[in-house]
Every structure is written in C-alpha cells, then in structure tokens.
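Below is one structure, written out as structure tokens, with a few remarks after it.
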Amino acid sequence: MESVDDSPITRNGNSLILAYDHGTEHGPVDFEPMPKSADPTHVFEVGRHSAVTAIALQKGNAEYYRNWETEHAVDDAAPLLVKLNGNSNLAKRDDYYSPKQCSVEYAVEHLDADAIGYTMYAGSLHEDEMWKEFREVQEAARQYSVPIVMWSYPRGKGIQENDAYSGQDDPDVVAYGGRLGLELGADVVKCKYPGSQEGWRQLEDAVGDLKTVMSGGSKRSDEEFLADVSATVEAGGNGLAVGRNIFQRENPEGLLDKLETVLFEE
Amino acid sequence: MESVDDSPITRNGNSLILAYDHGTEHGPVDFEPMPKSADPTHVFEVGRHSAVTAIALQKGNAEYYRNWETEHAVDDAAPLLVKLNGNSNLAKRDDYYSPKQCSVEYAVEHLDADAIGYTMYAGSLHEDEMWKEFREVQEAARQYSVPIVMWSYPRGKGIQENDAYSGQDDPDVVAYGGRLGLELGADVVKCKYPGSQEGWRQLEDAVGDLKTVMSGGSKRSDEEFLADVSATVEAGGNGLAVGRNIFQRENPEGLLDKLETVLFEE
Amino acid sequence: MESVDDSPITRNGNSLILAYDHGTEHGPVDFEPMPKSADPTHVFEVGRHSAVTAIALQKGNAEYYRNWETEHAVDDAAPLLVKLNGNSNLAKRDDYYSPKQCSVEYAVEHLDADAIGYTMYAGSLHEDEMWKEFREVQEAARQYSVPIVMWSYPRGKGIQENDAYSGQDDPDVVAYGGRLGLELGADVVKCKYPGSQEGWRQLEDAVGDLKTVMSGGSKRSDEEFLADVSATVEAGGNGLAVGRNIFQRENPEGLLDKLETVLFEE
Amino acid sequence: MESVDDSPITRNGNSLILAYDHGTEHGPVDFEPMPKSADPTHVFEVGRHSAVTAIALQKGNAEYYRNWETEHAVDDAAPLLVKLNGNSNLAKRDDYYSPKQCSVEYAVEHLDADAIGYTMYAGSLHEDEMWKEFREVQEAARQYSVPIVMWSYPRGKGIQENDAYSGQDDPDVVAYGGRLGLELGADVVKCKYPGSQEGWRQLEDAVGDLKTVMSGGSKRSDEEFLADVSATVEAGGNGLAVGRNIFQRENPEGLLDKLETVLFEE
Amino acid sequence: MESVDDSPITRNGNSLILAYDHGTEHGPVDFEPMPKSADPTHVFEVGRHSAVTAIALQKGNAEYYRNWETEHAVDDAAPLLVKLNGNSNLAKRDDYYSPKQCSVEYAVEHLDADAIGYTMYAGSLHEDEMWKEFREVQEAARQYSVPIVMWSYPRGKGIQENDAYSGQDDPDVVAYGGRLGLELGADVVKCKYPGSQEGWRQLEDAVGDLKTVMSGGSKRSDEEFLADVSATVEAGGNGLAVGRNIFQRENPEGLLDKLETVLFEE
C-alpha cells in the first residue's frame, strides 16, 4: 500500500481539495450568489491555482473535466478526485443516505481518477448499509492504488436522539467519525470543524496517523475562514476541502494565495 | 468518450425523438384518439420522416422494429433509442418508480440500439434506488459508446411535500432535474417545459453544455406546440421528444415539416 | 430472432397449451374431481393427443416428463413448455407475486425446454419486481432462442382499488395486460377471456402481431367452452392454454378433437 | 438425472435418515435427556448401525464428521446428508424462515456430501423467498448429481389463519407440502405424520413417484413409534428421518434393529 | 481442513487474543482511561508480549499494522486476526447487527491475515441475515485455510423478550451461542463468561471439541480477572480475547505474564 503522501493529491503532506459537487447535493441554488459558478469550466479554471491539490467532482462533471483538459491541453489542471456517492436534496428520506453513482472501476479506468471520495453518514439508520458499500469501494480502490478520502459526517437519528451529543459539530461526534475513517481503511478523513481548536485536537488524538481535512462549510469572511484553517493545521490537521468559500467569491485567487501559504509554506 | 454530436440521434446538434412508449406507460387508452397508432408499424412509418432523429421504444417494440426494418429493407428508418426502464400505471406504488426492463447489453448487442434512455424520478422515495440503477446503465452505455438520454422528471413526495416548490413544472425543479442529468453523466436530458422561456433559460444556465430536449406532453394545437418548441430552441434547447402530439394526429407530416424547420434549419 | 411460428409450440400459427401446474398453484385439491389426474403420467398421456402443441409444467414435473419420455421412448409427446415461476396458495401475501423456481438455463440446457412461460401480475404491489425478473428471463430466453409465453394476469390492489376497472376480466385490463406482453418482449401472451368476443377484439387491437392465447379457466360444459374458444379464434386469437377443462374430464379426447378442428383446421 | 434409488442414501428404495441438527434448531436443551448426545462423536457412532442410510448434519458437524471418519478410518459410517439451511430458536421472526448456512458447492466439493437437504416452510410470509433460494440449491445439486431431500413443513400465518386447515398436521396441508416437493424438483420429501395412515395415503396420492419419508418428531415409546413407521411404509412411504427418538435413548440399537426390519426387509 | 492447533493463533492449544476493535465498536471514549491507547502503535507494541497469540484488528488498523511491521522490521509481532464485521454505536438500530467491512479475500490476500473473526448476534431480528453472511465468510476462509473465530454473542429482542432467559449471560444462552459456533463451522468461539465456572462447563458440554475463548469484558482488578480466566481454563476453555483489561492499564506486562502462566504453562 502506497502512502497518500506519495499521491498527487497531497503537497508537503497537506491537501486543498476544491469541492464542486454542490449541483448534486444542493442543486443550482448554490450557484446563485455567483452565477458563473454554475458553469463547470469556470470552476475548472479556478482549480488551476497552484494551491489546489485536487478537484472533487461527481461522475458527469468528471467526464466533462477530462474532455475539457483534452480540448484545452491543460497542464496545470488539478488532480481529479471522483466523488463516488452523493444525493440530491429533492427526495424525502427516513434518514441520511448517499447512493453510489460511480464505481471505482469507472472512476479509475475511464476517468483516470487520482483519488476517490465517499460520504459516510454514521449515526443514520442507513449507516450499516453504507459500511457495506464502503467496504467494496475501499477494497477496489486498494486494488487500483488510489487514495480514499472519506467524507465522515456522523448525523441522523442516532445523533439527534442521543442526549449525550449536542449535534453534528460535537467534538465527541467529530472524533468518533474520524476514528471510523481510520478503522474502516480511509487514507484521508474529511470532518466538520468542531467549533474549536481543542475539538480538532481531540479528533487528531483519535485517528493515529490518518490524514484529516476540514470541511469548508458555508461562506464566511476571509478572516474567519482563514482563522479556522490555521487553527486546524496548527492542531495537526492536513488541510481542507472547500467549495462555496471559493467559487462563491468573485475573485478567489487572493484567498487561495493565503491558503497556499497556510497549508504548504508555513 | 465520443460526443453525442457525432451520434446518429442528433442533426446539426439537435434532436427530434419520436417517443412511442405509451403502451407501457399509459396502456392502450393513449391510442384511442387515433386507433391505428396502436399498431407499431403505423408509428414506425411516421418515423421515416426526415425530421425524426430517433424513435424511442420499449424492448418488445424495439425487437419488432428491427424485424420490421429487415422485412421491409427500410433505409430511411429512424435510429433506435431503446428505453431501458418504464412502468405501467396499473400498479399502486408508494411513490414513483420505473423498473428496468431491458439491459444495455441486450439493447446494444441484440437490438443494435443507437442510443439508450432511462427515466429518473428525483424527488421520489425511490430516487436513491434509481440512482444506483442509473449508475450501472450509464457505465455500461459508456462501455458500448452509445449516447445516454435521461428522462429527468423530478416528482413524488419530495416535491409534493416541499412548500418551496409549486410542482413538477416549477423552474427550480426543472433546473435541478437538468443539473442531475449533468452530474450523473447523461448526454441528453429530457425535461418538462417549465411554463415559460425564462424557465427554460434557467435550465440552460444550470446544465453547462449538456444537451436538453423538451418533453412533448399531451396533445395541443400546432400553434401552441410550435410556440413552445421555438421558445425552447431559442433559449438554448436542443430539440424535443414527442409522442402524442405526433401519433394522435391524422396526418402528422405537416407538423413534422414545421418542426424540421425550427429544429434543424433555422 | 426466430419467429414463434417456426417453433414446435405452434401449428399453423396457433397453439393449444396443456397446462398442468395446478399442483403448484392450487394444490392437490384440483385433482379431486378426477383423482387420476394427480398422477403426472396420466396427464402426460393426455398430452399425446395431436391437438396439443405444448405441455406446460413446473420444474419437478418437467424433470419427470423428460424421464418418462426416455423410459417410454415416446415419440408423440407434446413439446415441453417449462413454467419458470409459480406459487402456492398456502402463503399469505400482501399482494400477488409469483417467485421464480426454475432458471432459463436449467430449463433449456437440462430439461431441453421447447418454450418457457412466466406469470406477470401487473397491478400488484410486486409488479415492478416481476418486471425486473421478467427482464432477465426474457433476455436469457432470447439467448437460447426459445419462445416466451407470458401469463399476463393484471390483478391485485392496483386493479381492485381503481374504480375505472370492474375487475380482472375488464376488457381494458385484459387489453393493457396484453399490450404489456408486447412491450416487454413476449412472443405469446396468455390472457383471461374478457367475457365477450368484442373484448377479445379490443385485446387484439392492442397487441400488434403478438400471439394471444385464451386462459382455459375453471371447468364448464363442452359447448360453453368451445363457444369461447371459437369466439377467441374468430377475433384473431391464436389458441388457448387449458388445464382443468381437459384433465378434469374422464375422457378428454372428444373435446381435444373438437379443439383441434377449431384451432388448426378451420 | 440419476435416480435416487441409485444413490447411497437409499437401500431397497427406502431410507432411514439419522437427523442430528437439533443443536442448531433447538439448542443444547435437546441433549439434556441424554447428555452424551451433545457430543457429535456419540451420534456418529450410532450412525454406524446398518439401518442408517444417511446422517443429516449441519455444516460444522459435517466438517467434524469427515475429520472423524478420517481419524478413525471408519468404513461403516453412514453416508452424509448435509442440511443446507436451518435456524436457531433464539430469534424472534415475523414468520418461519430458515436461512442457508451452507452452499451446495461447499457441501459437495469440500464435504463430499452424498445428498443435500433443505427446509421449506410453505405457508410462511417468507415462502416465496425460500422458493427462490431452493431454486438455486436444486439446480446446483442437479449439477453435482446429488439427491435433494426437502423438509417440507407447511406452517406459519398462511396455515394458522386459514380456517380450512386444522394445523400443520392437517392431511390436506401435508399433501400440499408433499406435492410442492414434486413440483419444485426434490427427490425425497420429508413430511410430518398426518395423524393417520389414511392421511399418509392422501399424501402418496399427491406426489406421483416422489419418495416420502416420515418426520420422527418428539420422543415416544418404541411401540407407538414403530406403529407410525409401519403405517407409513404400508401406505407407500419410503422411510423416515429420525433424531430424538434415536439419540435420546440410552441404547438405540434395539429400535434401529426393528426399524431395519420394517424398512428394508419386510 | 487443517486443525486450528496447527495455526499460529494457538500455543499449546490455547489462545490469547488481544482485541483492539474498540475504536469501531465504542469510539474514542474507550481510550480515555489510558489516552495513549488511542494510538494503534502503542497497542501494537503491547502485542509483542509472548503471551499474545493474536491481535484482533479492524481493516484500517490491520492495514496500518502490516505497514508498521514493515517499517519496524518487527519479528515478534503477534499474528494478525482481521475482524471482518463490526459496527459503531452511533446508529440507532431496530436490533443488533454488525455489517461486514472487510472481505476474507482482502484480509488474506492483501493483509496476510493469520485468522479471521466474525461477530454473530443470534437472538437478534437480524440473526438470519448474519447467518447468510457468515456462510460466505466461513466458506471463503476454508478456501484460504485460515481459522475462523466467531464472536458468538446471543442478544437482542429474541433474548430480552424470552422469559426463559435471564439475559446475555444466562448459561443456557451462552451454551446455545457456543453450540451455534460448532454447528455453523467456526474453529474457535468467543463467549461471554456466564458468571460461574459451572456455566462455562455447561458451555463446554455443548460444543464438542470446538475451542472456546472467554470474552475479556470491561476492566476489573487483576485478581478478579485472573480468577475468571483460571476458572474458564480449568473448565475446559482455551483462553481469552481481551482488550480493555490490557490496554487500559498503564503497564500491562505484569498481567500478561500471569496470563501466560495460566494459559500456556500450567
């Protein structure tokens, strides 16, 4: 098993994943603050910034990305992380679930993915089903030697109805979610920021040498956002996955420059 | 991945799909206004019009179509789009679902399909199951290099019980449905007309370069129908899929001539 | 795809299928009016009549039939149609369903089946599941070039709770069931007699060139039974599948002679 | 297809199956009346009696049996019938079901099984699921040419809630169960004794040439037990499967001697 | 089939399995009494003690363990037992269930497992599903000739709602659980201590020659813990699987020394 440090999605051991799966997860509404972000090629261009170590796309945009690269002979495009599951928010569900819409085989053999991603909703009524699906994904990814990034988001009835937890951001919940990334065989675990640097340290204590990246979350000011990222990295985190905080900005280069400093050069 | 523009189901980038799956979806009642339309060979003949870039059939009629072509040495028959799922309206269901009744392998290897079609009911309780089935269909179609047309019809409890949406024709719903076509890896997405040209523009803004075709819907006058088609094309749409508005007419050639002009020659 | 007219189960384009799956569907009670009919070999003997173009058996009796043929060096035995699904009436079910108890592969490779049969309960809560199972069956049968007979019996909650339908014999229901046979890729569809010749004509109008056979139903007088068969054939039907009306008679040869005249010689 | 008469599990056309699956079905409590019966080797020794034509074991004991044979160079050990499904009585179930815990492939290729057994609970809410599982088992067993013994025990809500039946021992229920063994492709069907010789005759009338064996049931006196067995054989039955009536006795040889006479020598 | 006595996970016929799956089952909270136990390498070091005949890890830590061995050129590391299923306690479930998160193939071929483990919750509503999953696991493990350890923990509604049982520690429950290990084909069964040596003897009486190991349970004093272990071994048990009683101690060598004496040298 190769180390994720040797993969194209890390740089000096850290990662900045530009996430662009919002059209699946939330629909076109997420592009309204910056209408041109609805156009995948706009976001692909943003991904050329040297701070970006991976762009995370659903299958259809990943197909488009590989065509775009070919058409434009891009040599500074970000490595491709194909997100294998996802869901729309159109459906009613009894609890959180994210169906697989791309196989590892297709991602690697046809889309030449540099890494794969999978969302895990521990705490949901569908947790056990997702474990089984992750098992197949994880073992197939090992077969192809591509790193596995787990979006580890404990949520659902098991969290909501447990008085011991204050919610999805509870440091105990975040740390358990991270530990599951380790136990189930991920290479990188993406977690929500648990509200404090102390919370992130608790996460780091629970995951051994597993790499951790912070979830970017909804848009906030440069200062607030960078403060969270710095606190994360200082506490042992390995970077972040970010979408709206980048593509909802008119000119994201400035923020990307600062992130590059924090993540790779300090 | 070949571009759908190079496939036989488009002409100058646009498509007119003659849909004839009504015997499955609605039963013989849809043929009552024009009884001879119950006879598949009648509709196959209509499909010889040069405006038609594909005829969409369920498996049994597709088998019949290939035999009919052979028997009649037809050289102006429309390319075949095999619809892979469908349902009757006889069953009660807890929410919308459309089971697969033809595999990609059978459609391509045995029926020599030029394209395949799949109905997706985002918003239904069965959305996630359909995503999984679409995943397999999509990847198999890529294997065979046949274009994938998604009938993207968000509907069901997730739409009905969401106050933010006015119904299936809500432009936000139509646009989210179209975006899912892009994210999940379709080549063409078939959407309901969202009631206005502005609504169609909203759809176009959400789907990047994905091709869109308008759903023909129930029969109306030539004028009304052509107005919707023109508005769609003007707004960036790539044609339509039409059934009842063609085969429920005594003499559909006139309308097909006009559609040909709108779609391919203006 | 070979035409069913070239298969051994038709004669001059028509079929008389001797059905003997009652031990599965209803249990030994169906043999009580004629106890020797419980013995499969008795019915196998009846099947030697030249009017019979196929004998329809469940797997176990089909195995027995092939042994019986071998042991008796039978050369006038009827072609074998293996019924692939079926159910007992012992179980309570939430709605109609008929599980598969024989694969196409086993039927053809091991039992040397001349045709296969499958029951479809459109209108049931399990309709969609049966469509999926039929898909596999249909495609496997095409692989082996054996004709596919669909027992198309719309029933269940979707019919019972729909005020537009009077029941399973409603001509609209029968015609929709027949149309599904066409759309899903059967070669022959077996339908209930919809109570009148006009009803059968409605069915014929809905199914293109698909072959139709009448379901024999419960035992009635020779005259009544022959009248229904004649009406069916006159309206374009291609024969019948009959069980109790044959094997519950002490001496079925007379009726078989008359059926032979009606079906093949008029 | 070879006849079961040519298999090692019959002798002069009849069978005595020593069943030892009680540790699975009822747990150690069944061994309390005769504690040494908890030790599989004790029962294996009993199986050396020449009356025993097969010993029926679950997978784990079957593995042990083959090792025991090897270690002891046994040449008078009973042929091995591997029971492929079974259940504990620890779980609550909505209705009867018996999951598969051994594949035919493993039973034959690794355990060198001489026959396989499968329990079918027609009448249960899970009947249809069990039919599907039996289908696979039956076809795999044919592939390996090992005889198939069906434990055919109609029970569950479909029987309990049907006023036409008095219970599991109702001769109509037993006969329908036996008929299903024939229709689904078993070689031997194991049925409950329906309370009278007349009931067993009704069963025999329903199953053609299929072999039938009586279920031993709970322990009773030698006389009562032998009377039931004799009545069964006289009515056309082909033997019995017996567990507790043998292994719960201090010295079962006497009873086995008598059974040998009744089954094979009269 | 090789004997488990010839496998690396036993020593003089007994085993001491160091279990470290608590991060999966209970989350980081189990490491709080001894924070450094959250770090897998700390526990790997503990496993170098000569008393340890196997270390039981979930997939992710097993991957890490193999890398750790490579990096450190460890030659006194414990043999690896990969636990194939497990669950978090974050989810709400209708009854106990433990999904598979590692395949036998991956465990053996990629992780070079010396043994595999599987948790079985007989008595749960999901018991039957787990039997089916265990069937596949068991047969695959035989294919690879690795010993199978069953964590046999009857629990759930079937136990709770059965007045005949006092709970999971009821000797009747423990013995039935152990018997299932035998019947389903395990090589070693891990059981809860049933509260008394007499209870363990009852277990031993029920399992033939199957090996049994005691579950370590929550942390208690050295004396109490060793007393249970000694009682178990004296009653015929073959060792123990222990986690918290080892890794929650500051200095576990003393206890491991004593266990080594009890298990392997007396």
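A few points about this structure:
First chain written, first letter: the chains are A, B, C, D and E, and each begins at residue 1.
Everything below uses one rule, namely that contacts are C-beta pairs under 8 Å (C-beta built on N, C-alpha and C of every residue); 3 or more make two chains touch, one makes a residue touch a chain.
Quick caveat: nothing in here was measured; it's all calculated off a predicted structure.
Taken together, chain B and chain D share the touching chains C. Counting every residue number used by either copy at the chain B-chain C contact, under half are found in both chains. Inter-chain centre distance (chain D to chain E, centres taken as mean C-alpha positions): 35 Å.
Averaged C-alpha coordinates put the centre of chain B at 56 Å from the centre of chain E. Counting partners per residue, chain D has no residue that reaches two or more other chains. Ring order of the chains (start chain C, then chain D) is C, D, E, A, B. The touching residues of chain C, when paired with chain B in their complex, are 1, 122-125, 127-129, 131-132, 134-135, 138-139, 142, 154, 156-159, 161-162, 172-173, 175-176, 179-186, 202, 205-206, 208-210.
Chain contact summary for the complex, chain C toward chain D: residues 21, 23-24, 27-29, 31, 35, 38-41, 58-61, 63-64, 66-67, 86-88, 90-93, 97, 99-103, 105-106, 110.
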